[in-house]
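After this come two complexes, each holding chain A, first together with chain B and then together with chain C.
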Partner chain A sequence: MKRHTIFGRGALRALAAIGLAGALLLSGCGGAAQQGQADSGSGKTERQEANELTVGIAQDLDESLDPHYSVAAGTREIMFNVFEGLLKPTPDGQLAPAIAAEAPTVSEDGLTYTFKVRKGVKFHNGQEVTADDVVWSIERCWKPADADAPLVAGLAAVQEVEKVDDETVKITLSAPNNEFLACMTLAILPMDYADQATQPVGTGPYKFVSRVAQDNAVFERFEDYWGEPASIGKVTFKIMEKAESLVLGLQSGALDVVMHLSSTQTSQLSQDEFNIEQDTMKLVQALYLNNAEAPLNDVRVRQALCYAVDKQGVIDLAFDGYGSPLGSSMYPSFSKYFDESLVDYYPHDVAKAKELLKEAGYPDGFDLEITVPSNYQPHVDAATVIAEQLKEAGINATLKKVEWATWLDEVYSGRKFQATVIGLESKDMTARALLERFQSEKSGNFINYSNSEYDELYAQAIASGDDAEQTAIYKQMLQNLTENAANVYIQDLADLVAVRKGLTGLTFYPLYVLDISKLAWEQ
Partner chain B sequence: MKKNKINGYLLAGLILFGIFLVMMIIGLFYTPYSPTAMSSAEKFQGPSAAHLFGTDNFGRDIFSRALKGGITTFGIALATIAIGAAAGTLIGAVTGYFGGIVDDVLMRLNDALTAFPSFLLALVIISIVGPGKKYNVILALGIVFIPSFARVMRTAFASLRDVNYITSAKLMGAGSPRILFVHMLPNTVHTLLPALTIGFNNAVLAEASMSFLGIGVTPPDASLGYMLSEAQSMFGRAPWYALCTGMMIVLLVFGVGLIGEGLQRQSREVA
Partner chain C sequence: MKSAAKRAGLCIVTMLIVSFLAYAAFALISGDPAQTLLGTDATPERLEQMRHQLGLDQPFMVRYLKWLLGFFTGDLGISYSYRQTVWSLIAPKIEVTLCMALISFVVIVAISIPAGILAAQRSNGKSGLLSTGLIQLGMAVPPFFTGILVSWGCGIVMKWFTPGDFPGLHSAKAATALRHLFFAAVCIAIPRIAMTVRMLRSTVIGEMNRSYVRTAISRGNDRRGVFLRHVLKNSLVPTVTFLAQTMAEIVGGSIVVEQVFGIPGIGRLLVASISNRDYPVVQALVVIMAFWVVLAGTAADLINQRIDPRLRLGGGE
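Entry: the complex of A and B
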């Protein structure tokens, strides 16, 4: 009597299993909301009609949005639109007056800088910017209440900051300093305003409206901006930590602009919908090594790693050949300091690497754990290729993928790591910003680089008043980093930006910033 | 009358599982390419005679990776289920046979373990023992799988407690361990076997989901789940990666599922 139906329980269960596997395949695809679909009539998206913009970013903002305290490049990149200093960087790498009405007058001995505060500049809270705010903001970075050293190292040269009258601020230096002016891009904030960390207030073309941790941040155009007002009314930064979510977000119409894409990602976008713009990231991507940790505390081992890694191979394999190889902590767009000859200081040479390892007492190689922040696909990809290349030299490298917060905590602050792939940028437009962190006692020296010659050179460079001499010293410092194989330098990544057709005005800076005030929808 | 006839489910399952097993055995000794060898000239190639499953974003041969990944996944699932079944059977045997206070305490502990969503529990265990190591994944999943085995086996042992041959064994002076494992255990096989096959499939899928979320195995090790998570980021450019890897998982899970169903039916028909 018992008859098997075609779809018995077993078959059903098997189907359920297939379904589950299918669900696994698709579970990454749910992130992108179907908003802002092109409306067929005008060819414009809803957001374009409303003059709004959604930008996808790969990481959450810092917990504190206080510009004087934020560390992450990704946070500064977008908060650039909210804050301004006395001076402001321009796309061609110069400094233009912002809150200062004009370029400062400098005394003949190069020690006194006098700034006129621009009239009628308003903070986002409606207050007008006064000389008091300027003095207070500079002093906050110069002599922070909670630290011994200035927050911006370049301010160490400052001797006095004083208000001359309501519109004039005078800054006196203890010695002439070529890089002091670059420090004057530090954000001017309203005096004694306490909620900077959660509800930041600046003078930029956009004002901060709100943020939802791990989800988004919203900016609105600041109508009382002193300069040329921005075009787009409301900008939402959508946080999507997965590389594929960003692509899907663009494809589905949920996002209009995404910076820092890889060629793998952009190749999935339709040419009809997006323009792909190319720039360099202005990042020093390297396999950063914990110089204090055995066996990496042996210079021969570090050099062996340098010989074992084939930079061009990394660029070809993981980045479709886009990228500029580096040999030290400086990228090519800083042409003044960039030293081409360091790029090939350690040519790819596995035999040499093995020999050095043998000399150092590791004839059979060793185990190396490379910690990578899982939300940065380019770093994960580079690390994957590097791990494979190191195998040839007998080094058994494994990857440890961690969340960004864990990376900051364990690797950057805790310095508990062996090696990591990450990109370091220059906070302001100076070589110093890239080089100061490698001083032995510097708090940002997460690789524990300790080289007395380097420290000395740095002190000399800072003390030097002559630009040519200073440049020469910086170059020596770069050489020092290369010779001692402080890190395995890889490349300055190509920065591919996907911009929805119809959006114009994307401007590149020699800094890691996205200037949304210049973006506009075509009418 | 049809005592030893293999039914259709079992046969189909054995064939599918056999295919997978043969591939794994080959993979143990031979892969067409090194599973980690990269080649910039051969990135994103579709399936072809040279690369059966195509290549990925680093030009690695997906077929070779799938063979190695399959071994990893299979190994993890097997070890997981071994832990879960061994501990679960032990708990089930003790609680089901003795009852009373032992039963109450152990089963309430068991319930407490069940109260956590299994995935969350695995996550917690992983974060305690540290991510990224194969045996940690096995340990985490193994613990997660204990409660379901314990529950099923307890019922099986409890139902045997009062049958005549056990009573006779007791009267003849057999000790508890002997009764439990010599007399009772073999008679719980019809409960244990399906539980094992279902559990095995769940373990495969659990490993896949964990690696998919980035808390399972780490590169350069490959597992099918990890490969699937890699594949999704390039689904637009290399759909064969996700499809081929997914098919491997389906092959394994479907095969074992059918075997389980077949065994269950056969024992029912015999009875």
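Entry: the complex of A and C
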């Protein structure tokens, strides 16, 4: 049978021509793209020549860029380069004077701190920092116009903030407090500047230039910076929600630095092009348990869960062995408080777990629903492994993946959950930031932990004026959390950072921050 | 004239229903915008205050009617997550997505119509098997995966574009931006091309087997003439309707592809706004997309009436 050939040869030829033209167009474009990328002669990228940098970040910035009101860890992480306080954290976990000219003088009774304001520090808008700005900024956090409690919990100890003269500020406390200084890293802002939320102005080594929602944020080096100036002139943060896109962006040359990668992702990158640096996330990842909900209100059941979960197994299976196991609400980089002995307080022991469950009246186990925020892959992965491990001990664990907004609403505020896997971080370099939430009446105590001994210890720690004593009490609190199996502690996640070869100076802090002022292209 | 008024009225009613459903959906699902904005820092007092600030303490119907009033007076409100007017937030993104959708549409039409006709011509034997296989493959592979494959193959290996570096349509590198959009558009287009080809192929084959075609050919008309004048014309009506539907679906397909290619369009914004419970932005986008769908349907009807005047009488097939 003859084929119906309606398209004659001519038509087919025309089609072929169109295809060919398309191919030519593409290859023509291709040439242009290649030119745009790397200058093959010197081996340097265009950005390197221009002394610019592009960093890939996985989430957009907060709605408000005002440092006193921004919430997301990812926003604070990069705005660290824009704002400074009287004091500034250093990579080794100390506090160094920044807007303060020197460390403050403290009165004999430990109640009065006197700060000298450094001369010649300028805001990004050109104004010089005065004592008035300092007093205004601290008061804004201490007695905010729109809330009853201070924005920074540690400021509750403050009794008075006063300007002594144009370059001296005196702060008086109601009781001695060792952790007060850590609060003095709060950002100093120009007094009465109204556009902080959209066009933030600080004193840091980089100034904020612009942001485009869901696309990018641009910083530029602040030329009048009081300290050691940054090396790189312009830094663009590109927002890409998909981890795959971040990896592709690194491979294509669009990005130079990406933080918080997983080992699977870094293994896709060429070692000739990238250095992979390893740090920890400074998060306490755990299976957080609702201590008020049966059967988890029974300490034996919670302990059984601790015995049933093999944290090293979770790290090996879901994280390729990268991660530091934890035993309480403290991570190893806070070496002052971290207690190594708590890590193995509950060794993996399924028989013991079953025994405890039997004692508690659950010889056949029970149903446990683990709620996880689906946007955080590491938590979903960990929860998946944990659920499998719990099955061995006869606990029928199921996963419930929810959106972040739902997690905040149902789990965090509503406390309507049995168990959840999440990571909790510390905003400043104090143990208090990690431990205060577990007081019985605290609003952030989403696990409903209620232990009178713990509450008492916390009160003692806050009241203590002696650093060694305070540290000892904090350690007791950590012990208390472990012994009562408040949560099933897992790990502090490994933080893998991909850095393009030729870029030096990546510095880690015991906080969740990226310091771009120390980065530089090799000449 | 009368039918135009009727169409416009129908369009407004559709958008009203869609906007109300979207608003109602948010009232039903869990998640509170104030809570999402304040995160784990939220204290009951600050939550209360934020709710008041955003107007969330008002009853549902009051909020909806206020929004509706604002919409008709050209005020889309202010985004919760970005503190800028919704219009200034979405306008540049609409431009990007629209541009990508148009490129995608052109690619679909340019490839699927000739390919569909060709596939119908050679529906037997090896070439028939080949086209069936390609169609199945094209429809089965999700755009997300094609996106990664294209980014890797055309971006990293061939260096035809730079994944992750979308310069923006108004920058000095507008040509680079368009090229970037082209590759993303192709990924959206592939499954739609496959579907259109399959649809066109079966329609043309069905039409070819009808008795009027056999009669026409047996009366000595040449095949080519019969095909062009009758078969093709009759096959075009369902194809145009299908393509209009495709036009609407492209915008949906852009959601995934924009994320893979790092393109700042409305698809990505919609996803983020839903998870941030940024109602004003979601409302605006949903209504705009509904308008887009209605518009595509109307365009299809008008084109079909040109092709087949019988449809103009309101009867049709």
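Observations on the model:
Rule of thumb we're sticking to: the second predicted complex is superposed on the first by the 436 of 523 C-alpha atoms of A that agree within 3 Å, B and C clash if a C-alpha of one lies under 4 Å from a C-alpha of the other, contacts with A are read in each partner's own complex, and residues count from 1 in each chain.
In this section, a contact is a pair of C-beta atoms (placed from the backbone, for glycine too) under 8 Å apart; a residue touches a chain by one contact, two chains touch by 3 or more.
Since the model is a prediction, treat every value here as computed from it, not as a measurement.
Which of chain B and chain C touches more residues of chain A: that partner is C. When the two complexes are overlaid on their common chain A, residue A:387 makes contact with chain B while staying clear of chain C. In the superposed model, A:130 makes contact with neither chain B nor chain C.
Touch criterion met: A:316 reaches chain B, while chain C stays clear of it.
Of the two partner chains, chain C is the only one that A:406 touches; chain B does not reach it.
In the superposition on chain A, contact of A:244 is made with both chain B and chain C. Shared-chain residue A:398: touches chain B; no touch with chain C. Of the two partner chains, neither chain B nor chain C is touched by A:114. Judged by the document's definition of touching, chain A residues 4, 8, 18, 27, 29, 242, 244, 251 lie at the interface with chain B and also at the interface with chain C. Touching chain A in their complex are the following residues of chain B: 8-9, 36-38, 40, 43, 57-59, 131-132, 201, 205, 208-209, 212, 214, 218-221, 225, 228-229, 232-237, 242, 246, 249-250, 253-254, 257-258, 260-262, 265. Per the touch definition, chain A reaches chain C in the complex via residues 3-8, 15, 18, 26-27, 29-30, 32-34, 36-37, 54, 56, 60, 63-64, 71-72, 146-149, 197-198, 212-215, 238, 240-242, 244-246, 248-255, 375, 403-406, 408-410, 412-413, 443-444. Listing the residues of chain A that touch chain B in their complex gives 4, 8-10, 13-14, 17-18, 20-22, 24-25, 27-29, 242-244, 247, 251, 264, 267-268, 313, 316-318, 320-321, 374, 377, 381, 384-385, 387-388, 391, 397-401. Interface residues of chain C facing chain A in the complex, by the touch rule stated above, are 29-33, 35-47, 49, 79-84, 89, 92-93, 110, 114, 117-118, 121-122, 124, 148, 151-152, 155-156, 158-166, 168, 173, 175-176, 179, 208, 223-224, 227-228, 259-262, 264, 268-269, 271-272, 275-277.
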